[in-house]
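Below: the structure, in structure tokens.
Naming follows writing order (A, B, C and D), and every chain is counted from residue 1.
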């Protein structure tokens, strides 16, 4: 596909044209942090964001999503996807989207995710500010981000937009783009490489070595008990993770007591009841009863369980869990480095 | 000759618990008591050792209906104690939520608690069948009050974002614009509510007892959020006192039939509430509300306590128009989240605000770590207990003279209590608290 | 089929949870009345009943021995008893005085021992009678209450979360209080409220009680290390709504 | 995106189909045996050991093993134990009422591994339900299998399931049936003791293919017996149960290390899961 350039002065008009054409989501400021929100004006767009509180998965896999609605007359699917543009996704989040794309489409194709996904044009953007806990440069370094339609890089005087798909190519019509020069393309590449060098944290070993050693540590109860001693089972590490996608399903009635909905909600394997089974007569069996077992499960899932299927670890190094964990114990880079050093 | 034995345990359609006990034998009133047996809750003690940021969150729980007012009075006292002056934006947002609370509570009281009396129904539920539109409208307006307050405070029962130093979260200008539109769109429903009150006005009992009326007052507006203490006597004499001197006005004293203390100032008792505000601040009333007052035939100084409900109807109109004005100013300036103002000292301070039921005082002392040493809260319903008792003392003989039946007397007394819209679970304390520093 | 009979009762509380019932708006409230008969609701109606009740919502703590008999009579008449609001479910804010021994003297001085001022430790109503379900919160989440009612009307056990408030905070993408140099109890607090406090810029005070197994030592550690609390303030922090549970845990 | 199909061309895996209860029978105080027929007349095609997601709108959805064999067409059986919200509501239903099902889901018993061999089935408690699909299948295609031995353990006689089936199996000569109860009662004349007490009663060879289904603790003890007989673990099949929501390999609840019980199982060769630390 092509590489084009747009001057900084023309960029707002481009975003405005996109907003006028349909819903556009992008990073905006939220108090001291950032979040992907529907844009109302180009000024809100903050491409200099470090990391958003929630990853863009919320657009394809909403925190609460009706799967089926029902009433006296029957039941039906609740899906109504709309075409939209998602602007300003960092490459680590694109890699995470690649993973959830695969996981939601393999074996049993889940249209509740895929419909939202397939109606979204994703424009990735370069990382202007590196977040405090990121380690994206050292995790799954050989896995290339795939699922974006175009890649936007801020360079001197403007932006280079490299298109990857027809959808991406179609964006050019909305702004005053001109073909990018070799020098501009090279500058964009350099900007993106430089971002990799600014990560504050780092995994000290390669994917496979990590996978083997972490898995081998499974039985080390003392290790996991110590690591999880301060864990609140709050599931923040799951909820903010771009590659976590577990959910709960609940039926609820509306006030008329006849109609209602079957809804899926984000769930997290760190929460206490996640693997709890009712056995009857009030008895339960919890397959991961201890905090340590739940903490371990998440880490295993990030570092080993899915590697074969995904072609790399199920962690993209965004650092959201590290920063979000109030007890500051969830950081995969620190935990893995500690295990590797032991 | 009348003989009556009235014993109403836990008067209904009021918040909290109060009893009426009246014995009349052959036309002679032997006993006539308004009793408050509410379980004491010890808030003044509970706040000890809590950080200043938590105190309003605790004392808000004194009362679920006036929790916005308790939060504001508490925070004003804390801000006074900590030497904090909030920004103009915070001030206006707080005024706005104060109006929301007044509106919300009055809508509930007029339509759901008081109207059944005037319509001869035991509660609002039978009215669903007979006066469906009145009930639906009341619920719609109640919901409006709820959403209006929630937009500013996060919710109306125990609001969250009002904190010492300002506002922890603010609505967007867009949300405020939408609120303004909704308030204006509600005007026809307000007019309909006023029309209902007007239609029921002939059912308001004729009874007069001139008393003292105490309310906040300032030179700027029909004081709700802030002002000095003002008293007006039946002859129109007014006097102002600074909030810090609230104890000189309340002069609390103990009576045996009540877990709550009584108050008095210049006369035997005084009243707080919508009627007290109306009598004190009529001249500051919004012109639209004045029109409604005229239409409803109420004017200062009104000495019929049953008219408190009518004064509330005037106030809901005032709340809407005053708020539209506040919204215009807020929208014009644009609203932004501001950092909280930090304490400049740690000491003691008092704060007052008007809650739907009248003037409310809080006072706290803090140590140098910002931890609370103790508090004092004097709530409007407590200030009204003594006035209710004096109303009883005048009303019961009048009812006896009119040869009312026991049932009629009971209803007249219950209605009198309800017209004060009392909030008895607020009744938190009973004796003076000495702060130990 | 006659509609289930629902009644509201109040004990030591601020009655704010009852008020939430009036905040549904006309459509939802009137629709709800198509499915239940409200037979007693002192705060809003004069009617009273001595008949059997299908669902009793009991608000307020059990703080006076004198209230036991009334609670027992409610239990006898009611098929389902719901502890309505945190005062009732755990003792709530009223229990904040439980750890003090001088609260009566502090507030009532010389009159502290007068009989009408009788007040023991504030306890959940479950200290006096069996409770079937709890609607947590100070105040309750009125939408959760609707769901509890809907579930019970269909004979289904209500679904009450056993995960912490952080989950709901994240679902609505609220900036964490700890990121704003504040503190919070969300990590040990039972969710179900939809995390309104952090969303409005203030800490979660765990007004719905704790999750089943709160990590209290870790909470104290975080309050000291991240929020800069003194050890004492950290240890006392969760007393506001959880005095009884903290005592039980220690 | 790196895959080609389009969402509009794919069916929604979360939409269930209606099924009518043609027979409902209280099997034990807490378990109900249902015979279901798809409302649109299109029977579901399934293998022994597969599951369905059974639902009632407003109550929710739960995984249930199919308790009948595909060799018996048109209808299928489910046995539901009332333990909670959905199961409690379903077990109140009677003949003529509707339920909703998605499925069949997951992997059942690999018949190619069983055919032509001696087969031992060890079922404990409600574990008899999913294995009943295989039992029926074997009995219906008896000549495809060699020796057929069945062990069934219940906690007490009154909790035995499928009592008509049991009565037939006790006297049948196409199955060697052994049963036990943990606690007897005055009318019980059979074996009393845990399931492993049945092993000394039969001679089994290491060529036997074994199937195990029962409560979580059951597996460890039964596998130990099978080890002693010398049955290689790839010839032992286990039917696992985990918390489950979606049944289609997404929701994550049933995950055991990297396996999803709903799509990779619920039937697993023991050799594939024995190394999974969280499996037993």
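Here is the rule we use: a residue touches a chain if its C-beta (ideal position, glycine included) is under 8 Å from a C-beta of that chain, and two chains touch if they have at least 3 such contacts.
Quick caveat, the model's predicted, so the values are computed rather than measured.
Engineer: Among the chain pairs here, which one is joined by the most contacts?
Structural biologist: Per chain pair, the contact count peaks at B-C.
Engineer: Going by C-alpha centroids, which chain is farthest from subunit A? Tell me that one.
Structural biologist: Centre of mass proxy via C-alpha means gives B as farthest from subunit A.
Engineer: Taking each chain's centre as the mean position of its Cα atoms, how many Å separate subunit B from subunit D?
Structural biologist: So the centroids are 66 Å from each other.
Engineer: How many angstrom lie between the centres of subunit A and subunit D, each centre taken as the mean Cα position?
Structural biologist: Those two chain centres are 38 Å apart.
Engineer: Measuring from the mean C-alpha position of subunit C to the mean C-alpha position of subunit D, what distance in angstrom results?
Structural biologist: Distance between chain centres, rounded to whole Å: 43 Å.
Engineer: Two-or-more-chain contact residues of subunit D, please, as numbers and ranges.
Structural biologist: Answer for subunit D, listing residues that touch two or more other chains: 58-59, 84.
Engineer: Enumerate the residues of subunit B that touch no fewer than two other chains.
Structural biologist: 337
Engineer: So which stretches of subunit A touch two or more other chains?
Structural biologist: In subunit A, residues 31, 250, 252-253 touch at least two other chains, as defined above.
Engineer: Go ahead and list every pair of chains that touch.
Structural biologist: Inter-chain contacts occur between A-C, A-D, B-C, C-D.
Engineer: Residues of subunit C touching subunit B in their complex?
Structural biologist: Per the stated touch rule, the residues are 11-20, 22-26, 29-30, 33, 38, 41-48, 63-64, 67, 92-94, 96-97, 100, 102-104, 106-111, 116-117, 119, 138-139, 196-197, 199-202, 205, 230, 233, 236, 240.
Engineer: Over in the complex, which subunit C residues touch subunit A? Could you list them?
Structural biologist: Contact set of subunit C toward subunit A: 27-28, 31-32, 35, 146-147, 150-151, 153-154, 159, 162-164, 166-167, 170-176, 178-180, 184, 186-188, 211-215, 217-219, 221-222, 226.
Engineer: List the residues on subunit D that touch subunit C in their complex, please.
Structural biologist: 58-59, 84-85, 88-89, 92
Engineer: Can you list the residues on subunit A that touch subunit C in the complex?
Structural biologist: For subunit A paired with subunit C, touching residues are 30-33, 35, 53-54, 58, 63-64, 229-236, 239-240, 250, 252-257, 265-266, 268, 271-273, 291, 323-324, 326-328.
Engineer: Considering the complex alone, what residue numbers of subunit B touch subunit C?
Structural biologist: 10, 12-16, 37, 39-42, 44-46, 48-51, 54, 57-58, 61-65, 67, 108, 112-113, 116, 122-125, 128, 135-137, 139-140, 142-143, 146, 153-158, 160-161, 163, 167-169, 254, 259, 337, 369, 371, 374, 425, 429-433
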